[in-house]
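Questions regarding the structure given below will be posed in turn.
The letters A, B, C and D name the chains in turn, as written, and every chain counts its residues from 1.
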Amino acid sequence: MNTTRLEAFSDGVLAIVITIMVLEIKVPHNTEPAALVPLIPVFLSYLLSFVYIGIYWNNHHHMLHTLQRVSGSVLLANLHLLFWLSLVPFATGWMGQNHRAVAPAALYGAVMVMAATAYFVLQEQIIAAQGPDSLLRRAVGRDWKGHTSLTLYLVAMLASLRSPAIAQAIYALVALMWLIPDRRIERVLSD
Amino acid sequence: MNTTRLEAFSDGVLAIVITIMVLEIKVPHNTEPAALVPLIPVFLSYLLSFVYIGIYWNNHHHMLHTLQRVSGSVLLANLHLLFWLSLVPFATGWMGQNHRAVAPAALYGAVMVMAATAYFVLQEQIIAAQGPDSLLRRAVGRDWKGHTSLTLYLVAMLASLRSPAIAQAIYALVALMWLIPDRRIERVLSD
Amino acid sequence: MNTTRLEAFSDGVLAIVITIMVLEIKVPHNTEPAALVPLIPVFLSYLLSFVYIGIYWNNHHHMLHTLQRVSGSVLLANLHLLFWLSLVPFATGWMGQNHRAVAPAALYGAVMVMAATAYFVLQEQIIAAQGPDSLLRRAVGRDWKGHTSLTLYLVAMLASLRSPAIAQAIYALVALMWLIPDRRIERVLSD
Amino acid sequence: MNTTRLEAFSDGVLAIVITIMVLEIKVPHNTEPAALVPLIPVFLSYLLSFVYIGIYWNNHHHMLHTLQRVSGSVLLANLHLLFWLSLVPFATGWMGQNHRAVAPAALYGAVMVMAATAYFVLQEQIIAAQGPDSLLRRAVGRDWKGHTSLTLYLVAMLASLRSPAIAQAIYALVALMWLIPDRRIERVLSD
């Protein structure tokens, strides 16, 4: 089994996840410009999650690019990742509508921790499948970016107990960190 | 007609089915951590159905892989399967919101029976199209897994009359049984 | 421009149309089996529209298969078809929730008339693009099936003024007529 | 990295955006034909946005066709475009339900300005990636159509302060202007 259909299914799920999030931005009944003001935090949390899913899609794409054949365990690990990413719209909606509340900010971090862990598991499955000469292993190296993100999510979850705003700032920081294009895989591939 | 577009359409439908189920996990109005407690059964039934649809996607993929040409009857049998799978979000939502009720637990089983039967019909159509030397026939053999699942769904439906929890445990058991990667088709293909 | 991306986009839209219709079957608040009874007409109208969209997908697929290059006018005609098909969930929801009412039954027919007309326009655009030796022209011939459907939709719309049930029976009849696999294009292609 | 998966993801997002807009046309509770009258502006704004997304899909397709390899910056610019297009359903729903109100008509224009700007940025990224002999540069030339649209959106936003109807007429005019097939890229490609 090659990677084409796995990619197609993952693309489909990610495209739907990224798009149904917008349904959480409910059309207001009022028609004053002021009706949009309470939607600003909803909009910002949508933007944040859009960037996250976009980055996941991009990195997922590069990662699968290093793979020739899909084994059963890669398939399961991929489904596992999609499961946690499919919860992003829920976490986004809760945090966006209650941006000053502790629990929604913490839950957002929890979903991010689970998604990042699932991504890490998938990465390890692919590296294991590629054997000692793994292209992906060389590309990610010690994966400082993945580990830093995971640490920052945990810090943000703790911070949310004191200040949801700080937690949200950390989530935005991690997203920014990933927006800087990651050329590790591209570099190794072009060697 | 080759299988590419049939796969693309099926992938699309399954990706949407698996993702819109998450819309049944409604964002709570409350912001206490306790607001998540009533969502736990909703979450678990979502997880269960996510695994089911993921398994269907995977097996569907392997099954179509043994096919070169799509006939009109394969196409109809495939639509029939997608129809029953498209009802999974409804059954999941009803059971998740009423996990102690009899009828939702039984209906979930009924949808699973119909989906499994539709899968079986599709399988037989493909085997018939492949003729006496059918690769898929050799791969599935007597299909004990399919028959066991169907039996267990029926047992669970009966059990739900006494205890929805037992029915739900059986649904989870069947899902686990399928999560163990099925190498039958892969093995026959690599002969 | 070849047909690949046009097919991918159309498949995506049709897969979403066929799947979001299921959202009209609202999860009942009650947990008695009797809670499902009022959903039966909703379910049946979903089934009807599922069959219609499935048939459109299938025929659309065969039709585009006869085409090598996509011109601007084919692209517009295709968008036009997708537009009317995207209204099927709305018409289905209205008719399903009010199966004894006149206007919803008539509107369902009106959407079907528009979709069938749009399909016809697309067909003519493709035939024109293929020139005098058009493969599609030979395949559809005088297109009695398309014309019969259009006539029956109009009859059903009129009938709905007297009896929505008769209109709905006619819609079901047309769907059944199309479920019998249409081998015209396959036959001409295999000559 | 080639353009295939970028196109697949973009097609998926655009197919979902174009289809979930229809969910804003809520099924009325009443069954009189008159129940459809208040839906007419909702329907028209849906039609308008359907045409816009269809045109974006078409032009996006042609534009990516001129590209061989996808760089990190093209990928980001593409995500940026999809972000603004994903807000079209929200803007469409607000304007459709309040077609005589100023703010919704102005917001619709604002989303269009952002989407057009994002499209322009993506175009410039592709042109830069193609170097001095850029095929896309030759195809779009001075891009009078893009600049005219942007200007008209801004005019419409201003006009909406006086009359939302005039703004909406301008939006329809721009859509019509783009419906006339744009053969610039096709012409250059066939040279």
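One rule holds for everything that comes next: contacts are C-beta pairs under 8 Å (C-beta built on N, C-alpha and C of every residue); 3 or more make two chains touch, one makes a residue touch a chain.
All figures in this text were calculated on a predicted structure; none of them were measured in a lab.
*Asks:* How much rotation, in degrees rounded to the nearest 5, is required to superimpose chain C onto chain D on the basis of Cα coordinates?
*Replies:* Chain C sits rotated relative to chain D by 90 degrees.
*Asks:* Same or different, please, for the chain A to chain D contact, judged on whether over half of the interface numbers appear on both copies.
*Replies:* different
*Asks:* Which integer distance in Å separates the CA centroid of chain A from that of chain B?
*Replies:* Computed value for the inter-centroid distance: 26 Å.
*Asks:* Averaging over Cα atoms per chain, report the distance between chain B and chain D in Å.
*Replies:* Each chain's C-alpha centroid was found; their separation is 37 Å.
*Asks:* Residue numbers in chain C touching 2 or more other chains?
*Replies:* Within chain C, residues 8, 12, 15-16, 20, 23 contact more than one other chain.
*Asks:* Show which residues of chain D lie in contact with chain A when the two form their complex.
*Replies:* By the definition above, chain D touches chain A via 1, 5, 8-9, 12-13, 15-17, 20, 23-24, 72-73, 75-76, 79, 82-83, 86-87, 89-90, 93-94, 97-98, 101-104, 106-107.
*Asks:* Any idea which chain D residues touch chain C in the complex?
*Replies:* Those in contact with chain C are residues 7-8, 11-12, 14-16, 18-20, 22-23, 25, 27-28, 31-33, 35-36, 47, 50-51, 54, 57-58, 61-62, 65, 179, 181-183, 186.
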